[in-house]
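The following pair of complexes shares a single chain, subunit A, combined with subunit B in the former and subunit C in the latter.
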Partner chain A sequence: MSALGGPKQTGGIQPPTAMGLVIGIVLIVAALALAYLLVQMAGLIALVGIIIGGVLIAFGVHFVPVGGAPAAMGQAPGIATGVAMLAAGAGLAGLFGGAWAAPLGFGVALAGGAIGGGLLMAITCTMVNVIYVFGMGIPAASGKVDKDPITGDTFPEFKSQGTEGHGLPFISWVGGVIGGALGGLGGTLIYLQLLDVYQAQLPVILNATVEQIAPVAVSLAGIFAVGMFLVNAVLAAYNITGTIEGPHDPKFKRFPRAIIAAAVASAVTGIFAIGLLQLVGVF
Partner chain B sequence: MEEIVFGIGITALAGALATVAGAAEDVESDIGSQGDPNSQVQLAPQMGYIHRIFNKAIAGEPPAYGLWVALGAGLAWAFMAMQINPILAIVLGSALAVFVQGIYATTAYLGRTASLAKFGQPVYIDILKSMTTVTMAHAFIAIFATVAMCHLMISALGHPFPLPLLGIVWGIALGAAGSATGNPFYGKERQYQEQKFGAGVPISASGNIVRYAEAGQRNSLDNGFFSAKLGGPASGICFGLIVFFELWRTVVFEEFNIWGPIVVGVVVILVFAIIDRYIEVWARKNFGPYTAPEATEEASS
Partner chain C sequence: MSVKVEVGAGGIPHNQILIYGLVGSLVLIYLTYLNTITGTEYFSFFGGLAAVVALLWGTDTIKHLCSYGLGTGVPSAGMIALGSGVVAALFGATTGPFAPIVTIIIAAIIGAVAGLMANAVVRMDIPVMVVSLIELAIVGAMTILGLSAMACGTFEFLGMITGEIAILGFIVQSYEFSLIGGSIIAVIFMLGAIAIQHSFNACLGPGEQQDRTLMLAAECGFLSMIPIAIISFAFIGMYAALISLVVSIVGWLYTYKKYIELSQRDAYAWLDAQPILEPKGGA
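== the complex of A and B ==
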């Protein structure tokens, strides 16, 4: 029983409730139906893409090793910043690459977005270890597992007294890169879906060519992609509550709940993005 | 070929601007205690340690820089639309964004510090006068360099995003890179300089930050001086490498094959994996396992 009288905390992992699942499915189905009504099949496909993108972002955030304030004092392992912020930094860098590669094709753009996000995390995680090792003289030690699942390094003997571990073990580095790549992939997928919708609708509404409306379509799709990225990253951060070391952290197992929440949030926000031009037309 | 050479030049310039931006961002945030170590600056008076450290952490670095850079980029974009020379437009946009940062810093310091009144922490007006302008100066460099870099990406490399949107994207990435790399150095090595080198700060020591300098009480300008030695440059290198590799792989290899940038990106990630693993193993070999400090040393410290 929590202080607020909520349901019993079961080791930090709470399965979604039946009521939550039903409401979530109803909202997703309603959003899909609305998308079909507003923009027909293209709208439906775009919304499915947006939902998949949102789910990828929320899932990816769980991989990112974030230690928050304790990491800045070498009291806990991970990167010394917030979960949503770091994931947003990586995912948006991926979106930058994906949007740049958009004219080259769907597959190239998605891969470009994923690699962009992964690259930011690879460089950032490496520089974190550079600072820990060469600036502070502290070797990496996980607080959640005794042995690195990838390299087999043992940690308990390297852990400083009175701390939960410190630095960035290799498993966390790999988790960071996977998280950044999934975030970049999801953000780029949302951007490409919205760009398709706007590029189809805007020339008809504004009575202009595709080239003329390109800046407006790119800007709208970009802003919505950034916004939806932040929605999903923050939702996942709430699910994590504070810090996480990466895929080996017990908190990682909480991800199914975040995936359901991200699917619902993406469906609801996505319908506003897809139906934006119709809404503007109504008023 | 000429196009590639031009692109490489722009990439190098953008990377250099990003390096300057990253370094200035980290030093600015450390002077303002805006990164995660702010928790200790806020905690110290509650544990009885009154200090003269600036504290403006009412938002994380990434969203704060997302705001300021997007603001600078948006204003610069508007000035450019008014046919003002791009360099002048970027300077003007960044200067106006810095005034917002200054107001943010002032209200944040007053608000955060006033909330500690019940623990006896005074609001030092001289701190406000001397530190705010220094954070503003560093923020100007960071914002100007990032907006200039975004402008290069659009005008010289042809990125489709408009300037303000690119400002949000790279502003958030700048804050993420700067806080991730620079925070541990400021938090552990500066705020807890009295603790043993080569070990994490025990949780029991939380709040006991170093409050005295060589002469008199330590203030945030001393912290900026310290961060500028390693945390700032390392953050700069981190952000500079991110921007450089992001642009370089596209500018050079897209000409040969559309999948070229992706393959090169994967190779670069693998190279960084090897570097990271080497550093990790090097530290384990050279530093060895943790050994508890001697009882006598502990008593004297």
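== the complex of A and C ==
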């Protein structure tokens, strides 16, 4: 239980309700059908890309070691801030990397996004540990497992009494980098899909060249990617309810719920983003 | 299953604030339409005032939602609000004169889906979750639409993507020198997000008073208006932008002064080291 409060931590994982699942499937199918009706095959592919991007973001958030307020006091492992902030930082860094690399091709852009997000998390995790070890004088010790699954370091003898662990163990560092890379990848995928849609539609609607509308298309795709990124990251954060140490944390097993939620939320926000230009000039 | 944490009892009931916020922001945003009717740009500042009213309402909503202990910190609620709001606001903007109404409807749909996913799939099981996320999405959308209208004088999509620039004395139409083409929308996004998440995050805890929190929300709103007013010099006439700037600065000075007064009042009330007030039956 974190100092931030939060719903009661039950032992098992509550499965999604049947109603939630049915509504979710109906919404995804409806959104896909609508995308096909509005922009034909290109819209369908774009929406599938957006849904995959959203799922990658939600999955990636679960890897990121989030400590929240207790971590700031050295009473819990992880980076001392909330899920939404960390995910936004990693995802946006990835998005900038990917958007910069967009003219170099689809694969390069995706790789750029993943590396951007992963790099930001790598730097953050390293500097967090520098501050923990040399600034606060605390060793890295996980509270959830006795042994680091990668290095084999043991934790119990370093863990202070009355804390849930502290610092940032290596497994959490690795988790952070994976999470950042997945988030950056997802954000960039959403951006690229929307950019394709707008670059195809805007010149026709505005009767302009692709170069002329490029700033508008880039800006629209970028801001929508940011918006969808935050929606998915916050839904994943709600799934984690507060703090998580990384892929070795028992809370990590909750990720299927966030994936369903993110897929549905991405489909619904994505269909509005894809259909954005359909009503221009109608009224 | 959720635990409610302390929230100052008393004050204006939430439903009343909801109605004032919804109607107030809608009316104020429509007042910027006077620009189109009269052919001037002097009414742009009403967009900023609409954002302030929406932020007041949003802060009270966040207070209700976060009293259930999300476990993710208060800023996440602001992030999901603006994330879903930006999609709704830009989609709504494409419908011309109906923009504010369409924006509210779209935001409600996106908010409802996000809330349903959070409750039924992620299993937050918070009673006010769906309603709160609907409200927050509308607040986020109205904030973005309001500040956009303030910056470029119109809430219509074509006005947001086209700008004029003087090159060697000739007025040239350009998509690059516009609200969306210049990515000013990203600045608006962040200014809105910071304004909505800060107030309750700063004021929460024992002794939280509704009037103080809401005054801080208004202060944050006016503070966000100041940069937008400065940005608006690039898009609307000199005198119109000057009016916006004066309105923002006067509003900010007034609310800041009032907020300091209220803070001093509440600080004084704690001088006798009273025991922490238990909420009676919850807020």
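One rule holds in what follows: the second predicted complex is superposed on the first by the 269 of 283 C-alpha atoms of A that agree within 3 Å, B and C clash if a C-alpha of one lies under 4 Å from a C-alpha of the other, contacts with A are read in each partner's own complex, and residues count from 1 in each chain.
One rule holds in what follows: a residue touches a chain if its C-beta (ideal position, glycine included) is under 8 Å from a C-beta of that chain, and two chains touch if they have at least 3 such contacts.
Here the structure is a predicted model, which means the values were calculated and not measured.
J.: Check subunit A with both subunit B and subunit C modelled on it and let me know: fit or clash.
T.: When both complexes are placed onto subunit A, subunit B and subunit C end up clashing with one another.
J.: Does the superposition put A:108 against subunit B (first), subunit C (second), both, or neither?
T.: In the superposition, A:108 touches subunit B alone.
J.: Under the stated touch criterion, which partner chain does A:188 make contact with: subunit B (first), subunit C (second), both, or neither?
T.: neither
J.: Does the superposition put A:212 against subunit B (first), subunit C (second), both, or neither?
T.: A:212 contacts subunit C only, not subunit B.
J.: Looking at the overlay, what does A:120 touch: subunit B (first), subunit C (second), both, or neither?
T.: In the superposed model, A:120 contacts subunit B only, not subunit C.
J.: Which partner chains sit in contact with A:172 here, subunit B, subunit C, both or neither? Use first/second/both/neither.
T.: Neither: A:172 stays clear of subunit B and subunit C.
J.: Once the structures are superposed on A, label A:20 by its partner contacts, choosing first (subunit B), second (subunit C), both or neither.
T.: second
J.: So, A:266: does it touch subunit B (first), subunit C (second), both, or neither?
T.: neither
J.: Where does A:82 make contact in the superposed view: on subunit B (first), on subunit C (second), on both, or on neither?
T.: In the superposition, A:82 touches subunit B and subunit C alike.
J.: Look at A:201 in the shared chain and tell me whether it touches subunit B only, subunit C only, both, or neither; answer first, second, both or neither.
T.: neither
J.: Between the stretches 60-68, 168-176, 186-194 or 240-248, which region of subunit C is in steric conflict with subunit B after the superposition?
T.: Residues of subunit C that run into subunit B: 186-194.
J.: Could you tell me which stretches of subunit A are touched by subunit B in one complex and by subunit C in the other?
T.: The overlap between the subunit B and subunit C interfaces on subunit A comprises residues 68-69, 82, 85, 88, 215, 218-219, 222-223, 226.
J.: Quick one: in the complex, what on subunit A touches subunit C?
T.: Residues of subunit A touching subunit C: 2, 4-8, 10, 14-17, 19-21, 23-24, 27, 68-69, 82-85, 88, 206, 208, 212-213, 215-216, 218-220, 222-224, 226-231, 233-235, 237-242, 257-258, 260-261, 264-265, 268-269, 272-273, 275-283.
J.: Any idea which subunit C residues touch subunit A in the complex?
T.: Those residues of subunit C that touch subunit A are 1-3, 5, 68-73, 75-77, 79-80, 82-88, 90-91, 94-98, 106, 109-110, 113-114, 116-126, 157-158, 161, 175-176, 178, 180-183, 185-186, 189.
J.: Give the list of subunit A residues in touch with subunit B in this complex.
T.: Touching subunit B from subunit A are residues 68-75, 79-82, 85-86, 88-90, 92-93, 95-97, 99-102, 104-105, 108, 111-112, 115-116, 118-120, 122-141, 151, 153, 157-170, 173-174, 177, 214-215, 218-219, 222-223, 226.
J.: Within their complex, state which residues of subunit B touch subunit A.
T.: 35-40, 60-63, 159-162, 165-166, 168-170, 172-173, 175-177, 179-189, 191-192, 197-206, 230-231, 234-235, 237-238, 241-242, 245-246, 250, 254, 258-259, 261-262, 265-266, 268-269, 272-273, 275-277, 279-280, 282-284, 287, 289-290, 292
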